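Across the two complexes that follow, chain A remains constant while its partner is chain B and subsequently chain C.
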Partner chain A sequence: MLKIAKERLNELYAAIAEAQALVLPLKKAGEVNYGAWAEGVEVSLETLKTVKSPKDMFFPQSENMMKFKTEGKNIEIIDVRGEKTPTVLFGVKACDYKAIEVLDKVFLADPVDTYYQSRREATTIVTLACSKPEESCFCKAFGIDATNPMGDVTTWIDEAYLYWQANTEKGESLTAVVSALLQEGGEAEVAAQQEKTTAILEKLPFSNLDLSRFTPENLNELFNDSAWEEMSEACLGCGTCTFVCPTCQCFDIRDFKTNEGVVRYRCWDSCMYSDFTLMAHGNSRTTQMQRFRQRFMHKLVYYPSQNDGLYSCVGCGRCVNKCPQRLNIVKVIKTLGGKKND
Partner chain B sequence: MKEVELKMLERAKELLTSGEVARVIGWKKGDFCHDPSPASFETVEELNDFVYDWFCGANLSKYLIQMSKKEGKTAVFLKPCDTYSFNQLVKEHRIKRENMYVIAVECLGKLDVEKMKAKGASMIEGVDVQDEKVTVHTLYGDQEMEKSEVLLVKCETCNKTHQAKDEEIILHERQPKDVNRLAEVEALEAMTEAERFAFWKEQLSKCIRCNACRNVCPACSCIKCVFDNPASGISAKANDSEFEEQMFHIIRAFHVAGRCTDCGECSRVCPQNIPLHLLNRKFIKDIDTLYGEFQAGETTEGKTPLTSYTEEDTEPNDVFNGEAK
Partner chain C sequence: MTNETLIPKVGVITDIRKDTPDVKTFRVVGTDGKKLFQHMPGQCAMVSVPGVGECMFSITSSPTNEAYMEFSIKKCGCVTEVLHALEVGAQVTVRGPYGRNFPVEEDFKGKDLLFIAGGIGLAPLRSVINYVRHYRENYGKVVIVYGARSKDDLVDIEEIKTEWMNEPNTEVYLTIDRPQEGWDGNVGFVPAYVKELGLDPNMTAVLCGPPIMIKFTLAGLLELGFDKSRVYTTLELRMKCGVGKCGRCNVGDKFVCKDGPVFRMTELDELPDEY
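Let's turn to the complex of A and B:
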């Protein structure tokens, strides 16, 4: 294990940024979101929940997919993908790292989403273990260890040092870039911190949520449960929960006429929106209850039934903190998940 | 606060038991002490989850659009600020007043849990409020805070009083605050154009286009919003370019001008804490200056500055040239 004194972190950032693009949690206009490092920015590594998750780095909220030019009867298709800049994504928490695995199973499965893939391949992920989890965190319920996230490099931070451990080849190459700044040591400090944090994680109110009822066999029963009506009653149909979620993956594709021909563009979509699933014949989901149910059934039943039981919620707690009406997946799990929640 | 809650609960039970109303709209308990949700209660049993506390900031008026269409009468608990939205919705024929029973409830300001967390409170188990002091009980011990520092933004400058009521539950009178709700707008006006542009650019480029501000807004009650209509040509779900968001927000601010009651819900719900209320308050200030003091939602009838014309009205051109009367 390697380490670097906390007051030298800026040197570390500068060294990484000299070699590659560096993206990490930054405080801007009062809120912390992932952004590109530059001299003078306010880094906020310890922020547990950036408002938006790091999924933007691979699956941006909006992007152009291709352009079309028409001349007479010919259509030219212009590829706008280009080479991706090698990037280091720094400070990713365990839940958000697990979320990338959830996204990989969607975007890297056949047919591969090459837009996602090229960014994913160009990125080295440096994770950061949590030491002060808070009441809305429930990664533990999904078997995630917040004290030991994976990634190309894993880091831990305490009062004095940032500790650094490379896990992969990509991680080793990044270590080589910054090795002049790092020194040996830290095993004991990291182990002590992990032990302390594990004790806090045990005590979090949602750490032991019972998920046992969310199985493919119960799909119909859960779908038809009368509790959805009441659970969704106050839902505004906004997109907050989906847009802050690190695993929400739906998008919409539209063509726009511009001065330089037609541009095909895609952007995040939300199953909570009234025009989601709008088709030529109309909309298959006509009420907010149905939309609300879709979001949670997808996370807890549909996705796991297609991915060997892996849930597509990672317990980051963003929707718990940000839903304007205080509806969220925890309330759904407590209502439908299993007997031990009572 | 507890006595107020008990009184409300008692009234809700009476109203449901006697059959005077078919449902009561209020707030129900969440998983923490600080996350109640708006809810409707149709039976006395359902009222077990009823709550009214320092975190019931959500405005219940907009639900009444749906609720007032249901069978039977609906009783609703409204805080002072909520009654302005209520009146405005009645005026716009979105709520059927005759189907509603309004219980005006006291409000001494509602608290913002995010502000408490930003002050280092973690694992919050409860709060006690004594006048201007808040004691936050956490797993790690108690923390003292100034109430003024942890109020919801909309409560910081609120001097509103109930504008609609069929009965009231008010046990503590509230002292008027000596604050200028337009101070922040004045500060923005004092900036140079470039500074102001930079301010809004930084704020609005945080927008994730979740539409929470629009969906929560009682003045945004269109059945189909132009931004959701694929046929409109401007329908959009994402921030297309870095600062495209100005379009959405400015169009929305124009659309609610003269109807926005300054209920503050838009700023409360924004996940990126964009100070949206400043756009609306700028319009409020301009309407006051150009047409005389006006507060939307004070009444359910009468003309409003932007929907009536007199020959003395300021000409747009004069405003543009800075020569408005």
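Let's turn to the complex of A and C:
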């Protein structure tokens, strides 16, 4: 294990940013989100939950896919995909890192989404262990260890040092770039922090949610449960939960006419919106209850059923904090997840 | 860079046939004059007019047609409205093929086949019917029941009359919803007609049409003694990507675009009722 004194972190950022892009949590306009490092920015590693997850590093909120030039009856398709800048994504928490694994199973499954893949391959991920989990955190319920995230490099931070451990070849390469700044040591401090954090995680109110009822065999029983009506009653259909969610992957593809032809882009979409499934001849989900149910059934039953039991929720708790109506996946799990939630 | 399924190819419309007041069949080839790609009966493709939008359509021509692909498209929304206004020579973009096809080489082989279609529901079935006709010796008896609102709404009636009706070991039954001058065939809805015909329940059946027609026809078939595991249909839901990623056509643990659109009725029984 390696370490660097906290007051020298700016030197570390500068050294990384010299060779490639560096993206990390920045405080800007009163909120913390992932952004590109530059001299003078306010880095906020200690912020537990960035407003948006880092998913738009790989799956941007909006991205151009191709262009069309039309001349008379002729159409020319222009591929706008270019080489992606090598990037270091720094400070990713265990939940958000797990969410990237969830997204990988969607976008890297055959046929591979090359827009996602090119960004993913150009990125080295440096994770940061949590030391002060909050009450809205429930990653533990999904088997995630917030004290020991994976990634190309894992880091831990305490009052004095940032501790550094490379896990992959990409991680070793990055370590080589900054090795002059790092010194040996930190095993004992990291172990002590992990023990302390584990004890906190153990006591968090949502850490031991019972998910046992969410199995493929119960799919129809859960779908038909009468509790959905009451649970979804207050839902505004605003889609905030899907936009802050690190695993929500639904997207729309649309065309935009510009002076230089048509741009086809994709952007995040939400299954909470009434026109998400609207077709010329009808809509398969005509009530907010159906749309609310779809979102949670997908995360807790449909996705796991397609992906060897992996849940499409990582317990980051953003929806718990952000829903204007105080609805969230915890309430759904408590209502439908299993007897131990009672 | 590697191939990207979401980036289409340019297609040229070489023929437009007006089938009914609101259905046109578009013949499409690549800019090199050749067929854009191979497919199997029941598979779909994304057709787009850049600047307007992209929609999923079933490929109505048979894969055995080596020269071109055809799409029978009903005018019912933004994209189809613009498609219907296009002329021969116009270009569109096409990507595909997408989805699971009818099991023509597996389950259908050697079987007696019953095709039941309503209105534009004939579009996906035409592909499989013409495939079966091409490899006629591989299949048993073929029965086709096709209905529409009126005689003017029967899609592809020329091919049905001149080719399908003259095919050996093939029966074609047509019906329209209400009596109409110049029509001496059956009058009545498809589900009722299917029951009247007293069809052999050992046939493998394929249904496509409006949801209400499918529902009542299926009930009728079950009454006649058909086995649900040998009844197939093809679903239609909103789609954007076609490859199970955009999330739009998700029903239960299936994506209609990649796990369907062709489903066995017994498979649909396991899905939540949301399609």
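Simple rule for what comes next: the second predicted complex is superposed on the first by the 342 of 342 C-alpha atoms of A that agree within 3 Å, B and C clash if a C-alpha of one lies under 4 Å from a C-alpha of the other, contacts with A are read in each partner's own complex, and residues count from 1 in each chain.
As a working rule, contacts are C-beta pairs under 8 Å (C-beta built on N, C-alpha and C of every residue); 3 or more make two chains touch, one makes a residue touch a chain.
Keep in mind that what you see is a predicted model, and the values were worked out from it rather than measured.
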Report clash or fit for the pair chain B and chain C bound to chain A in the combined superposed model.
fit
Considering only the touch criterion stated at the top, classify A:302 as touching first (chain B), second (chain C), both, or neither.
second
Is A:38 touching the first partner chain B, the second partner chain C, both, or neither of them?
neither
Go through the superposed model and pick first if A:109 touches only chain B, second if only chain C, both, or neither.
second
Determine, under the contact definition given at the top, whether A:252 touches first (chain B), second (chain C), both, or neither.
both
If you stack the two complexes on chain A, which partner ends up touching A:269: first (chain B), second (chain C), both, or neither?
both
Partner chain(s) touched by A:290 [first = chain B, second = chain C, both, neither]:
second
Which of the two partners, first being chain B and second being chain C, lies in contact with A:278: first, second, both, or neither?
both
With both complexes overlaid on chain A, does A:219 touch chain B (first), chain C (second), both or neither?
second
Closest Cα approach, chain C to chain B, once both complexes are overlaid on chain A (Å):
8
Footprint overlap on chain A, comparing chain B with chain C:
252, 269, 278
Which of the residues in chain B come into contact with chain A in the complex?
30-32, 35-40, 58, 63, 114, 117, 122-124, 139, 202-203, 206, 208-212, 214-216, 224, 228, 230, 235-240, 268-269, 271-274
Residue set of chain A touching chain C in the complex reads 65-66, 68, 70, 73-77, 79, 81, 106-107, 109, 111-115, 117-118, 216, 219-220, 223-224, 249-255, 257, 262, 264, 266, 269, 271, 276-281, 284-285, 290, 294, 297-298, 301-302, 305-306
Residues of chain A that touch chain B when the two form their complex
28-31, 33, 51-52, 61-62, 132, 134-135, 203, 205-206, 233-234, 236-240, 242-244, 252, 265, 267-270, 273-275, 278, 320-322, 324-327, 330-331, 334
Per the contact definition, I'd like the list of chain C residues that touch chain A in the complex.
1-10, 48, 50-54, 76-78, 80, 89-93, 236-238, 240-241, 243-248, 250-253, 270, 272, 274-275
